[in-house]
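Please read through the structure below; I'll follow up with questions.
To keep things simple, chains are lettered A, B and C as they appear, and every chain counts its residues starting from 1.
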Amino acid sequence: MAGARPVISILTDFGLADPYVGQVKGVILSYCRDAVIIDLTHEVMPFNELQAAFILRVSAPYMPPATIHLCVVDPGVGTGRRGIILETTRGDVFVGPDTGFMAPAAEILGVSAAYEIDESRLPPRDVETFHARDVFAHVVGRLARGEKPSSLGKRVESYTVMRLPEPIIEGDSAEATIMHVDRFGNLVTNLRPAQLGLELGSEAFVSIPGREIRCRYVKSYGFVEAGQLLLTVGGWGYLELSVNRGNAAEILGLKPGDRLRISKLG
Amino acid sequence: MAGARPVISILTDFGLADPYVGQVKGVILSYCRDAVIIDLTHEVMPFNELQAAFILRVSAPYMPPATIHLCVVDPGVGTGRRGIILETTRGDVFVGPDTGFMAPAAEILGVSAAYEIDESRLPPRDVETFHARDVFAHVVGRLARGEKPSSLGKRVESYTVMRLPEPIIEGDSAEATIMHVDRFGNLVTNLRPAQLGLELGSEAFVSIPGREIRCRYVKSYGFVEAGQLLLTVGGWGYLELSVNRGNAAEILGLKPGDRLRISKLG
Amino acid sequence: MAGARPVISILTDFGLADPYVGQVKGVILSYCRDAVIIDLTHEVMPFNELQAAFILRVSAPYMPPATIHLCVVDPGVGTGRRGIILETTRGDVFVGPDTGFMAPAAEILGVSAAYEIDESRLPPRDVETFHARDVFAHVVGRLARGEKPSSLGKRVESYTVMRLPEPIIEGDSAEATIMHVDRFGNLVTNLRPAQLGLELGSEAFVSIPGREIRCRYVKSYGFVEAGQLLLTVGGWGYLELSVNRGNAAEILGLKPGDRLRISKLG
């Protein structure tokens, strides 16, 4: 790994229409042109730290070991909240505001140390509304060119942790939360099939307000007819309620945060 | 070319809001951090293999020789359809589902061999709904770091080919299909001006349902007044029906798949 | 800097749904696979050269020194307008149509020379509607691999300059223009707080058609209650009218080009 190009993964709620992400990359590359940057997503809903936490936790394991994760959803930018660096045993580092949403991802990789970013070690700045560019990008750039977190802040004993909602299991039934709706309209829950003992090919009841749906739990979308509802394990590793070649979110009128009850049949 | 960084071009229908493309890149870069990745587009309409085929065929020649093309529009993911690697005489390689939409692009570069991906040579996986990440990205990563297609699957004699619609020429008139509508509202057809013998500066009739339009065939948009309809050859290499500084698709209410008749005048 | 990878920043109005940006990158990387490409933005409103000029001028200083800036908003593509290369004293180079919108950014970095692109030194082309790919990308690729601007065109004494609107200051009051609305609905003006002598924590009147707003000028969004209007200096370096955790553009019904009057209180 010696001499390997550093990998930087960026997640924000900035979108791609504004030049914000480009400016952040400009600052990072000013320190280290050898870095490889992965845009994890910039379409987190504005200020939605829960969505950011879920995307990060699911995605971090797929990034190359020792990735530097720059994570900025930051409605409190410029106020008292501190900036943090989380080191992990896999070698990955997470950089962003200490508001908790990075913690679930970092803890999956094993947090080994936390550092509070010391802004006095960074270039002075004129504005307080864009720390992604004026604070965190400098930190990431310096980490990418080989500096240690300890040169960018002081070690701290604790950091903020956001807890993601867990499903409530009651016998053969579970109340799950819709964590994400993807481009295809798949309704991604926080329930794993093993938690309910679901077996491939079996049927389940799905209850949403005003409607009860009977559908099969299958290996992939194409195992039911086009237009049919189904349950499957999506790329997120969780059960998702989907329509083969269709859009379940539109058909059912559901969105992130909505709940549904899934019951095993037979 | 020895030692040159491998170029990987990615086309999907995943969009950029979800972390799917980022996860795919994470897996690829885990094998080869030296790869250069081009996002050809991730905004293919969900499941629209025809649109993917057209974009790929037009774009592939502009990619650097020996590009690895990762192409995933895959409504049948996890079912019986196999994964394929198409080798070409230019040195490019196409990786994706064997459903035909990569073939027109690969055949322009000259297909020299096809390999059926042998998933037993790849890491085991838990889910069957995200082969872009769990199958194809591993294949692309290993090709990028120098492995041969033959180490990833067995050579096969045939592969699936999708045929793109061709215009129907009748004397001085042609029935063309709208293959794509771009951000500017340009209506990109499948007709080349030479097929109709159109000469720059001449006029043509364009018939669409309920409307007959007389417009000039010009070298570029700015050769007619702002707001005027025109025919020109766009970046796709085909005739497109456009409005100078305006949006032809909105003005005419046309969309991909619609047909129009173009007739030479005089 | 010898041997460092060249950085290329790209700004267009092409969007990301079409394969246009991907094709441009393919051509550039055909010349120089070692280039690092930053997508500044591709979501300039179609044909909006003023928006492009503002984004470029604000963003260019954040790019690494010696960046090659490819800038294409080009409604007159294929007509008489020439292509230009602007060299700057910081080492950056700007490449695009000579229509003026690159000039404000280049002049901030100090224009040292201008070259008219000589298309006879580039590969012949079939179409005249996509100079970003068929002209400018070739120029950028050759600059990236080390050629001098003088090998791509002849030096010229003048180039086109677009002037950005300036605010009109009258005592304790200023008429400002909304230059940009970002993803969060922040209304970015062309007024700097020092031009009005505004002090942090003080109040101001903001007049828009049909409405007078009293709000505080604060260090960042979070210094007022959620849902409250505020003035702050955004990442653009200018005053912006914003709503903490809300969308000012939607609430006030304002858009780029609209004007507002900001008056100091007390």
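As a convention for this text, a contact is a pair of C-beta atoms (placed from the backbone, for glycine too) under 8 Å apart; a residue touches a chain by one contact, two chains touch by 3 or more.
On a predicted model such as this, the values are computed, not experimentally measured, just so you know.
*Asks:* Count the residue numbers both subunit A and subunit B use at their shared interface, divide by all numbers used there, and answer same if that is over half, different if under half.
*Replies:* Interface between subunit A and subunit B is built from largely different residues.
*Asks:* Specify the angle of rotation obtained when superposing subunit A on subunit C by their C-alpha atoms, rounded to a multiple of 5 degrees.
*Replies:* 120
*Asks:* If you average the CA atoms of subunit A and of subunit B, how far apart do the two points sit, in angstrom?
*Replies:* 30
*Asks:* Could you pull out the residues of subunit A that touch at least 2 other chains?
*Replies:* Residues 16.
*Asks:* Which residues of subunit A touch subunit B in the complex?
*Replies:* Spelled out, the residues of subunit A in touch with subunit B are 4-5, 7, 9, 11, 16, 36, 38-43, 55, 58-59, 62-65, 67, 180, 182-184, 219-223, 232-235, 237, 244-245, 247.
*Asks:* Can you name the residues of subunit A that touch subunit C in the complex?
*Replies:* Residues 13-23, 25-27, 29-30, 33-34, 46-47, 75-79, 126-130, 133-134.
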